[in-house]
Amino acid sequence: MDSALIPKGVKRCPMWQFLLGLGIVGAVLAWGVYAMLLCWFKGLNQTNMNDYYGFALWIWADLAVIALGGGAFFSGLLKYIIGKDELKNIINYAVLIGFICYSSALLILAIDIGQPLRGWFIFWHANVHSMLTEVAFCLSAYFAVLTIEYIPLILENRQLDKVPFFHNLSHNMHETMAVFAATGAFLSFFHQGSLGGVAGVLFGRPFAFREGLLIWPWTFFLFTWSAAAYGPSFTLLITWITEKVARKKLVKDNVVELLAKISGWMIFTYTIAKICDTTRWANITAPGLGQNLADFYTGNAFYGYWILFAEIILGGVVPAIILISAPLRKNPTWRVTAFFLGVMGVSLNRWVMVLQVMAVPIMPFDTWALYYPSWQEVATTILPVAYGIILIMISYRYLPIFPQEAELNPIEEETAMAVEAHTESTPDLKPANA
Amino acid sequence: MFPFSFEWIWDAGHIVFHGGLWYALNIIGIGMTYCVIKAVIDSAKGKGGHGHH
Amino acid sequence: MKQAQTHGTPMKYGMAIDLDKCTGCGACMVACMAENNIPFKEDESDKRVSITWMRIFKLTNGKSFPDSDICYLPRPCQHCEGHEGHSPCVSVCPATATDYSRETGIVSQIVTRCFGCRYCMGACPYHARYFNWWDPVWPDGMEKYLSPDVSPRMRGVVEKCSFCFHRYQLAKNKAYLDGERRVPEAAYQTACTQACPAGAIVFGDLNNPEHQVHQIVKPDSNNGNRSRNPKAFRLLERTGTNTKVYYLSSREWVRRAGDNYLAHEKTGQLAKLHH
Amino acid sequence: MKVDRRSFLSFVIGGAAGTALSPLPWKLMDDSSIWSQMWPWTPVPPDGEVVYEDSTCTLCPGGCGISVRKVDSRAVKIEGQSGHPVNDGSICILGLSGLQMLYGPTRIKSPMKRIGERGEGKWQKISWDEAFAILTEKLTDIRDKGEAHTVAALAGSDSGTVPALIQRFMAAYGSPNFMRSPSYRDVDELTVKALFGADGRTGFDVENADYVLSFGSGFVDGWGSPVRMFKAASLWKEKDIPVVQVEPRLSNSAAKATRWIPINPGTEADLALGIAAVMVANGIADTGDVSGLSGWENDLLANYEPQKVAQTTGIDAAVIVEVAKGFARADRPLALCGRGKAQTAVSLRETAAVYILNALTGNINQEGGMWAIPEADYIQWPDVATDNLASAGLDQPRLDGAGTGKYTDARYLTNRLADSVNGGGPYPLQVLLVAGANPCHYLPDTQHVKAAFARIPFIVSFSSFQDETAAMADLLMPDHVYLERYEDVPVGAGLVQQMIGLSKPVVSPQFNTRHLGEVLIMTAKAMGGSIADAFPWDDYETCLEETLAEKWDTLMETGVWVRADTDPVAGSIQLAGLDAPAVQAEGDVNSFPLLLVPYDSIQLTSGYMGEAPFMIKAVSDTVIQGTDGFIEINPLTASGVGLGEGDRATLTTPRGEALVRVHLFEGIQPGVLAMVRGLGHTAYDGYLAGKGVNVNELIGPVEDPSTGFDAAWGIRAKLDKA
Amino acid sequence: MSTLDEKAKAGMEDHAAHGSDAKESGAGGFIILFFIIGFAASMVLGWVIFPKLLYSQKQQPLNFNHALHVEEVGEGCEGCHYFREDGSFSGIPKLAQCTECHEEPMGDTEDEATFVEQYVAKEREVPWLSYSRQPDCVFFSHSAHVIGAKMDCVVCHGHIGESEVSRPYEYNRITGYSRDIWGKDIAGLKKNSWDRMKMDDCAQCHKEAGMIHTSSVQTDRDACFVCHK
């Protein structure tokens, strides 16, 4: 019934299957929305946050999705600025994933603040000394860029494309995309960094505080670097998952391997930087403030040295090595393992930079503060995931996300004919809302 | 955010920060306007549609 | 640094709290609650969601019976000056809802500007900032005692000790009427200072040699405002928060509990301040 | 068709453009944020003219001067009255919370009579006239039957005009059964009589002492006049005065002392006598003011030589000698008696021992020493002309047996009220009037007390609050709270001078309540005859003004009347009470290996007043969490029972059992458990009710055979993992 | 599929496309028209109807003649609006103050009669509606402005002293503010210093007053804790 909207030359699951999938994920979405409304109308007492945990699961989720969404700006940078043209075969998906990540981040922020109606104060009454201000501005601006990058994709829907205006618009946007991509890279550099700065500037908290360059603590650069490094890994991981779900190959191996390789080298360099940073912090910064590692990793039920190991070794060194070495990289299992470890590593890093920062006691007579999220927090954090899946399902079904899909999965004559016939039998076509 | 808002000071911080910001916003804005207007003109010229470029 | 020239040297309000005298009775906490319209819930035993601008911490020397010793430490907002007024919280607030006054040295919090991102709470190592997780609700009839000098806070914003700034404002009114330029020492005292039955809290202008607090603390402006009084210390001095609340104790273990030290470091020793 | 769609689109676009260029979205955005800044459900306190009104706080016996800040007619803050002889501008946590009691929802808002089962909390609002009718009818019936003596009255104190009016009413009515809440005052008065041979109370010149030896007195935990003591403690710090605190637990007072000497609970008297012995033995005692020493000296030296005392008290002999010498050699040494807040009596043996210790320094009635002074007796009313019914009633023995038999010296034995009602008394109790007291919460073995109250046919409560005792009443005739009424406040509380404060109405009565004095006068008049004649005053205010006579103007002006040059009741003491036996803790060691001792906290009233929400908020989370109450226990003892910080445990004593949580505290002697007094309320509202455990339910009265007072200092207990 | 089919299809579709193009040119005019209609409609809604909906009116409990009182009482505004001993400002007089003169009706206006009967006699405070009440978070010191800076009442309150009748009190339905705070002009433009009393208006005046108002580290203006509580 919606075959008219489905891109030419590709096959999609029957409508009922599609709707069923939507329904299931939609239910989860509804649950999240319910929790969100609770937080808005009853206030943040719905969460398990407290005065020691001003930042918790939500801020972690924000930092994490934005780091993972980094794939968009980085592959954009590679394709449009550096000129790695093969990436055109995956850039669409990178953009879509980025779009989902960033819209999710903004939504979570809107739930996280105590006075959503005053949220715009962060722009209007901006305090330029605050890392959060920089985050808010660059985040919103970059989201605009992502939207711009996503629009032509939508316009390429078979029916929309028939409208001359839309066709031309998307055409022109493609032409000027390099400019947008560049701006996006510029913005991303800053808001990814500022997110790192958020923790790094807390000079009252030896666990988070870092020295740095001018006004920017080292975490600023580490965050940007890690987003660029792990973002692509996440794009590729999602691509892999999508391929498994769609039960067909969507992107050619050479493209995947290229991006994987780049990601690998980025992770490698980042991990080295991270190790230097940690070493300096552990031996100079923290001791200078009268604290040593043991103060941060012992004396509580959860945070131990394991977290350092898991983040830096498992989530840094290991995936780096796998992705750098050609034989391992070319082996799908190893590759995906690397992606997975990488995603785990960067998420763990963000967790540490938010939640462990809050947990560590600072005044000698203060105590460790451990926290677990309330179901409302969990639900509102899963909400964007559900929303993302839905957006991917729709986009994948109706938009030519994967340029190589048709070529990689040629469909037999009769089905193709059937589709054709069907199309022609409906002369007056409604847009995508059909 | 704007020079006329209460918090604004004409100091390096504000000029650099908001300078960069407005620079980016302008590129985005002008870029989009260009695309839209050009699209309108092209459409008027009867260009486009059905994939013949 | 620019400042209120026509007013002469700026003021720098601060406190000296004598922990030898403090008995941990809690009068300062309640005086603060009563003065500042601080809300309360049926269960306030979870101190991590309990708004107490002034909070008393109980310190122990870690020794076992009968050598054990305890000391109480009242903790208002420390009104950090940081570096030229960039205290941990002021510099991070994205909406300029919290500010540092060069004229009084007081860190302000404007709840109607705050939109509840809670970054400042993360930045404050003293946990002196509190979030209104709930709407404030007073049991039937009790709203009658609310003071008009302090605006009750709404749900979803951060609040903290203001050094009873409204009392300064009121004293200033009087000063104008009396044609005085400055507020006299006695005319502006915080509620906790006034209430403390042990007289452990001394409040005043750290810049004014005539004020008692200055005479007790003897701040050394060439040395990051550290006190010249050997009994005095500040909380987490090494982090460079540069607070304006000084504590006095004759007990070494108490002074050491005021900051983090590596095993070999002497109490009161400062490594170089970072940033 | 296509046209329509596109036109509509352009219409929408045009609309969007127009809207964006109109104030609508922007003003809405601004206004919605302003709305969030002044949500209608967030109160906005009305502004107005600010005035301060001085009065006297009666929430505890301390007698502090308060200065209440008012905005127009609302009281918004209570502060200390600067220049006041007791507290000079300072104030305690309880005084600060006064307004939460004045405006609190637990006030009894009008007279009420019980309609449900007792304690069920079903009440019916009634008019004052009806309330008076019920009361007078009841009292008249009983009296006419010649059973006037079966009516009893229990008041918080017996000094001041209001308690005097109650006593007078009882006298005129014909009942000997006036009682006051038990406190250290009981044993103090009795001991003063025994040692000095005259009526009076002790005073302690803490400001001028230069060596303080405190036998468990919580000088910063609410002992004496709390704010005065806080100030004194700071003064001691400033003057570097040695302060020795003898106590099994590192209380806040112990922490403020220059030296804390842990002692086996209940052996304070032995230490005092031990110190006395050392002083006598070393000839550093000043026996000038002490007569009768010679006859007793040998026993003293024999029974209380350091080694023996060290045995009983668990304090090193050397330490005992050291303290004794330090104490004796000081110029103005002072020994304090009365545990914690001194809300309960201690044994005569202990009191006498400590007072004698003071005497042996030759510092009696001297600067910095212990004084024995008479109460200010300004209430000079003509004696009550009793009619026959009254005289007959007054000839009856008291229900609690005070003043007769073994206990001739005791004036009140309120601790025995429950027993006598439960069958131990000479005759049944028919009516109990309760004013300014909450026996159903703070009398020991509270369950037993409640059972007794359940047996009393008719209970009238004059309480201003819905407390545990009011809950047991049949008739509620609520009194004003102190901020709404006039009242004279004679201050004892260890002051060395006679002092009277005056409470003035700071705000007009908030509810339909009546001044207790007023109620008594009107009831008396309603009952007519000799009772009415005993109350010649038109109203309470007249009564008060006449009674205070020349003091009235001073009081109206300064709010306080002080007589500095009070003559002591006597200059020297006659040794007595030392043969009195020690009071042991109830329960046997085998089944109850541990000792439970209650401790006092300044953050809890543990008296007639219930704690205000502010006070509960200030209480540490190692004392209450949610509704769980904590006991303090030494980590060693805890690990013995297999308990860790915060674990739940069952605490059992011979009197009862409670579920508690443990707080590990290095400041408490192994084998001893400490629980705070004042929690475990069953009445009041959710801000107080149900929080923690009422320690009085776990501890029973232990009678001091030489006085009859309850002198329990603890009870044997056992703790099991729950 | 075969190239032949391709061509055929393309041809057909081209045809269709041109057809639609033809229609388009005709529709162009309409499209512009509809755009204008939408634009105009929303402008009217935003500029004319919206303010009417946003603000509501209340009448003062009774008419007050400022001009007359200034004349009768003398001492200008201070005659009734004075400073208390603690330096606070009395604001709108309490009943007691009015009663000093109005024990008995003065003059025979209707309002006078109602005032004496309804309020003086019954000792009820008059529930005046304050045109210039700032929100609760604002601390405004009259003594700082009137005594300290010697400012004239008119600067903020306009010529209310010359009014002979009480104008209706307008307030914002959403915020509850008096309309005087934002000003009559929905665009928020002001001609006179008293047309608006938002934070920016205070700030503007403070800025003009120069160097002494630079105590804020964040803004180099007055610190928040000058006008806020």
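Should a chain be cited, it is by its letter among A, B, C, D and E, assigned in written order, with residues numbered from 1 in that chain.
Following the convention adopted for this analysis, a residue touches a chain if its C-beta (ideal position, glycine included) is under 8 Å from a C-beta of that chain, and two chains touch if they have at least 3 such contacts.
Just so it is clear, the structure is predicted and the values come from calculations on it, not from any experiment.
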Can you tell me the least number of steps between chain B and chain D, where a step is a move to a chain it touches?
-> 2
Considering only mean CA positions as chain centres, point out the chain farthest from chain E.
-> D
Compute the centre of every chain as the mean of its C-alpha atoms, then state which one is farthest from the centre of chain C.
-> B
Per-chain Cα centre nearest the global Cα centre, belonging to chain | C
Whole-angstrom distance, CA centroid of chain D to CA centroid of chain E, is 56
Chain-centre distance (mean CA atoms) for chain A and chain D, in whole Å, is 63
If you average the CA atoms of chain C and of chain E, how many Å lie between those two points?
-> 37
Length of the line joining the C-alpha centres of chain B and chain C, rounded to whole Å = 47
Could you tell me which residues belong to chain B and also touch two or more other chains?
-> 6-7, 46, 49-50
Residues of chain C touching at least two other chains | 46, 58, 86, 96-97, 112-113, 135, 151-152, 154-156
Among the residues of chain D, pick out those that touch two or more other chains and give their numbers.
-> 32, 35-38, 44-45, 47
Okay, in this complex, where on chain A does chain C touch?
-> 43-45, 49-55, 112-116, 118-119, 121-122, 125-127, 129-133, 136, 198, 201-206, 209, 211, 285, 287-292, 295, 357-358, 362-366, 369
Contact footprint of chain D on chain E as seen in their complex | 20, 23, 26-27, 30-43, 45-47, 50-51, 54, 84, 86, 88, 90-91, 135-137, 172, 174-177, 186-188
Listed in rising order, the residues of chain E that touch chain B in the complex are 10, 13-14, 17, 21, 199-200, 203, 218-221
Mind pulling up the chain B residues that touch chain E in the complex?
-> 6-7, 9, 46, 49-50, 52
Residue ranges of chain D in contact with chain E within the complex | 2-3, 6-8, 10-19, 21-24, 27-28, 31-32, 34-35, 37-38, 40, 44-45, 47, 49-50
